[in-house]
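In the two assemblies presented below, chain A is common to both, partnered first by chain B and then by chain C.
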Partner chain A sequence: MISNAALTDLIIKMADDELIQGHRNSEWTGLGPVMEEDIAFSSMAQDKIGHAWALYRILHENLGGEDPDRFAFMRPEKDFRCSHLVEMPNGGYDFSLMRHFLFDHAETVRYESLQDSSFEPFQLLSKKIKGELKYHTLHANAFIMQLSKASEEGYARMQTALNDTIALAAGVFEPSAAHEEALMAEKVYPGEKELYHRWLDRIYPVLVKASLNLPDMNTITPVYGGRQGFHTTHLAPLLKEMGEVFNLDTEASW
Partner chain B sequence: MSNDSLDPRVNRLKLSDANAVIKVEEGENWNVYEVFHQEKRGAHHEHVGCVHAPDPQLALVFAKEQFARRKKCVNLWVVRSADILAFDVEDEDMFANNLEKNYRDASGFKVMEKINKFKQSK
Partner chain C sequence: MYGGGYIFDEPNGKQLREEQLHDDPEKLVAFEERITRGEKIEPGDWMPAEYRRQLIRLIEQHAHSEIIGALPEGTWITRAPGFKRKLALIAKVQDEIGHGQLLYNAAETLGKSREAMINDLLSGKSKYSNVFNYPAKTWADVTVIGFLIDAAAIVNQVANAKGSYGPYCRALERICYEESFHLKQGHDAFIELATGTPEQKAMLQDALNRWWQPIMHFFGPPDKTSQHSEKLMQWKVKMASNDEMRNQFLDSYVPKIWELGMTLPDPALHKNPDTGRWEYTDPDWNEFFRVINGGGPCNAERLQVRKWAEEEGRWVRKALMNPTERRSLPVA
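Here is the complex of A and B:
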């Protein structure tokens, strides 16, 4: 029997990553470099918030969790389990795109692994969003290639963005001290370490094609803490803004 | 010859000689790509509009969001607008129908009368 506490922990960290990354990406709406990209990036941000909603619903319907909207908008910061990667402010398009590339590949290996999960709602969800993730990574790969090949400046900025982001991105795979073993033993998912290696196998060939240098991962210290409720100073203002409308009247029906 | 303009802002741009040959480097300018949309397998791809993109791969990526986000779609084509060969607009007269050749129009044949007559004779 899979423990509800372990499943809940896994779902909350996955969902919070999606929600916060979706919110950050949506901050680009209206500011994208060209109209086509503005629309594409905004649309993918909506997809991410949709993934978060689907996961909060699983929590609500299968594991006795709270109503998804209240859970998303009324939780205090310390109860969030998102990684530091998604909390960081958007910075320039170089940082935002590199984060999109690293995060979406991490997302893809995670959801692909859930196709064989012993927890059935995970199987259904991973099948449902497979096509979306395929598009998101296609978009990210195409942009990484384009910007790295376009000019010397583009190449230098993408390499800097990669150097600045890689430790944060590796932090997505922070294992849970309390639940990791149980989730792996019950075949809910293959565990963070395995996903981390699958992720490296995905991003490496694209980076090579773009002539970008992946830093030596043995010298990188992944940025952990988010999964335990320790966050950067950027999260609190984001949550305040995100919940502003909802919290005007928490009983309103939309 | 320089590009003298009455607008000082244009002069400040230091535009090159109007007669100079303009050389556009590969990848320097974004191209326009025409987008063709396929609603179901086996159906024709139909022209739905265009997108700006630096290369064909990104044109496909953009086309997916612009033209396949809401409407049903199973496949897309993109082709650089500059790669399409078209007749000149002035050559429209080539397509004009000669009134005296309307016997060539399939619509000119009146067959229903004959068919009905044949049916009745049976």
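Here is the complex of A and C:
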């Protein structure tokens, strides 16, 4: 019997990451360096937000969770479980692209592992979004490679962005001490540590091809806290903005 | 969206060269006969210099309107209430940027590069639809834009899709197809507010009141004062007159607005049963020209945002333009 509390914990952190990353991606709509990138980031924003919606629905339909809209648009900041990586403002395109690269590979290894999950809704969802994630990582890999190789400036920007984001990205795999063991024992998913290593195996070859240096991960302190409800100062304003209209009247239909 | 019904004259009218002023008369006759027969003109075909110039101007302004038009609605993506609205709005604004891309491509077939068009937008030489120089103050504004501005644009674009220049017509056909979905999402969100709580209705009424004049301006000044239309109509660059399109829009959408119990801020607005045409108070055309010439509430802001995007993205575009260039690694 899978523990509901453990599953809920896992779903919320996955969904919150998707929602906030999608929100950040959507902020590029209309502002990208080329129109084609505007379109790419908007498209990925829709996918990410769609994943979050699907996960909140799983929570709602299988585990007694709240209505997805109310859960996403009305929850106080301390109840969010997203990682600090996704909370960070977009900054420049270099930061956003590197975050997209690191996040999407992390997401991919996670959903791949869920294809054989003992929790059936995960199997269905991960199969459904596999095709989307393929394009997200394809896009990230292509741009990381192109920008790193085409010019000195591009290379410097990509390496700096990698240095700035790597500890945040490692924080995506923050262990959830209370529930992780149970979920691993029940074969719901392989656990954060295992996913972290699979993730490194994915990003390393791309970075090598791009001639980028992955910092020594033994010297990096992953940025934890998000999974326990401790957030950067960037999350509260983001949530306030996201709920601005919805919270004018939470009983009304919009 | 977002093609403006009205095509502005560029402020610095450069003198045309001699051969541009005098097209080969035989070729011109053959060209005009093709248009009369309903043939499409394609990029490699002979065309009068003025036809090319006017088309570039038309398509370029349409393209600019798409990418600038993404901005007022785009600012509401992060605030859209609920998953359904949020996803629909991102998808919609994304489509508009895609339309910009299609249209820049169509204009490029006439010999002006995307970069040159964007430069002219940023320098103020080339215009975009006036309607986007107004702010979207509340969520209700987004529904009014999505419903009525998109509807107005469709009237304009359906007409232009029957024009004479092949690449533009084909781009418009695809655009109109997507626009009809936008109109549906705008209408749906509009109805939600119109049939909602008293606060939601008040919010919508306020937005309608503020947007009515820009919407009436959308199709451009009345036919009696509009210049240089005749030749453009003959060449099927312009397919319907400003008043014609405005009337068509009013005929289709005013009843829909009234049906929902909303009002429009023009007591004179009514359909004349004898003529079958709509009558209305002329909107303030001085205001229209004031806004075109940079005096609107958002002109500076819109261009500033675009300039930011261009400047911030320059290093990316430069890197993308060197697909084969390899950065050489230092030896040590």
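By definition in this document, the second predicted complex is superposed on the first by the 253 of 254 C-alpha atoms of A that agree within 3 Å, B and C clash if a C-alpha of one lies under 4 Å from a C-alpha of the other, contacts with A are read in each partner's own complex, and residues count from 1 in each chain.
Note that in this section a residue touches a chain if its C-beta (ideal position, glycine included) is under 8 Å from a C-beta of that chain, and two chains touch if they have at least 3 such contacts.
Remember, predicted model here, so these are calculated numbers, not experimental data.
Chemist: Which of the two partners, first being chain B and second being chain C, lies in contact with A:Met145: first, second, both, or neither?
Modeler: Once the two structures are laid over each other on A, A:Met145 reaches chain B alone.
Chemist: Once chain A of both complexes is superposed, is A:Ala161 in touch with chain B (first), chain C (second), both, or neither?
Modeler: Neither partner.
Chemist: Contacts for A:Tyr135 in the overlay, against chain B (first) and chain C (second): which applies, first, second, both or neither?
Modeler: So A:Tyr135 only meets chain B here.
Chemist: On chain A, which partner's contacts cover more residues, chain B's or chain C's?
Modeler: Counted on chain A, the partner with more touching residues turns out to be C.
Chemist: Counting only touches as set out at the top, which of chain B and chain C does A:Gly92 meet: first, second, both, neither?
Modeler: In the superposition, A:Gly92 contacts chain C only.
Chemist: Just checking: does A:Glu244 make contact with chain B only, chain C only, both, or neither of them? Give me first, second, both or neither.
Modeler: In the superposition, A:Glu244 contacts chain C only.
Chemist: Have a look at where A:Ser43 lands relative to chain B and chain C in the superposition and call it first, second, both or neither.
Modeler: In the superposition, A:Ser43 touches chain B and chain C alike.
Chemist: On chain A, which stretch or stretches are contacted by chain B in one complex as well as by chain C in the other?
Modeler: 34-37, 39, 43, 146, 149-150
Chemist: Could you please specify the touching residues of chain A with respect to chain B in the complex?
Modeler: For this pair, the touching residues of chain A are 34-37, 39-40, 43, 135, 138-139, 142-143, 145-146, 149-150.
Chemist: Which positions of chain C touch chain A when the two form their complex?
Modeler: 67, 70-71, 74, 77-83, 85-87, 90-91, 93-94, 97-98, 100-101, 104, 139, 189, 192, 196-197, 199-200, 305, 308-309, 312-320, 322-323, 325-327, 329
Chemist: Help me check something: in the complex, which residues belonging to chain A touch chain C?
Modeler: Residues 23, 26-27, 29-39, 42-43, 45-46, 49-50, 53, 68-69, 72-73, 92-93, 146-155, 157, 211, 238, 241-242, 244-246, 248-249, 252-254.
Chemist: For the complex, give me every residue of chain B touching chain A.
Modeler: Touch residues, chain B against chain A: 27, 30, 51-55, 57-58, 61-62, 64-66, 69.
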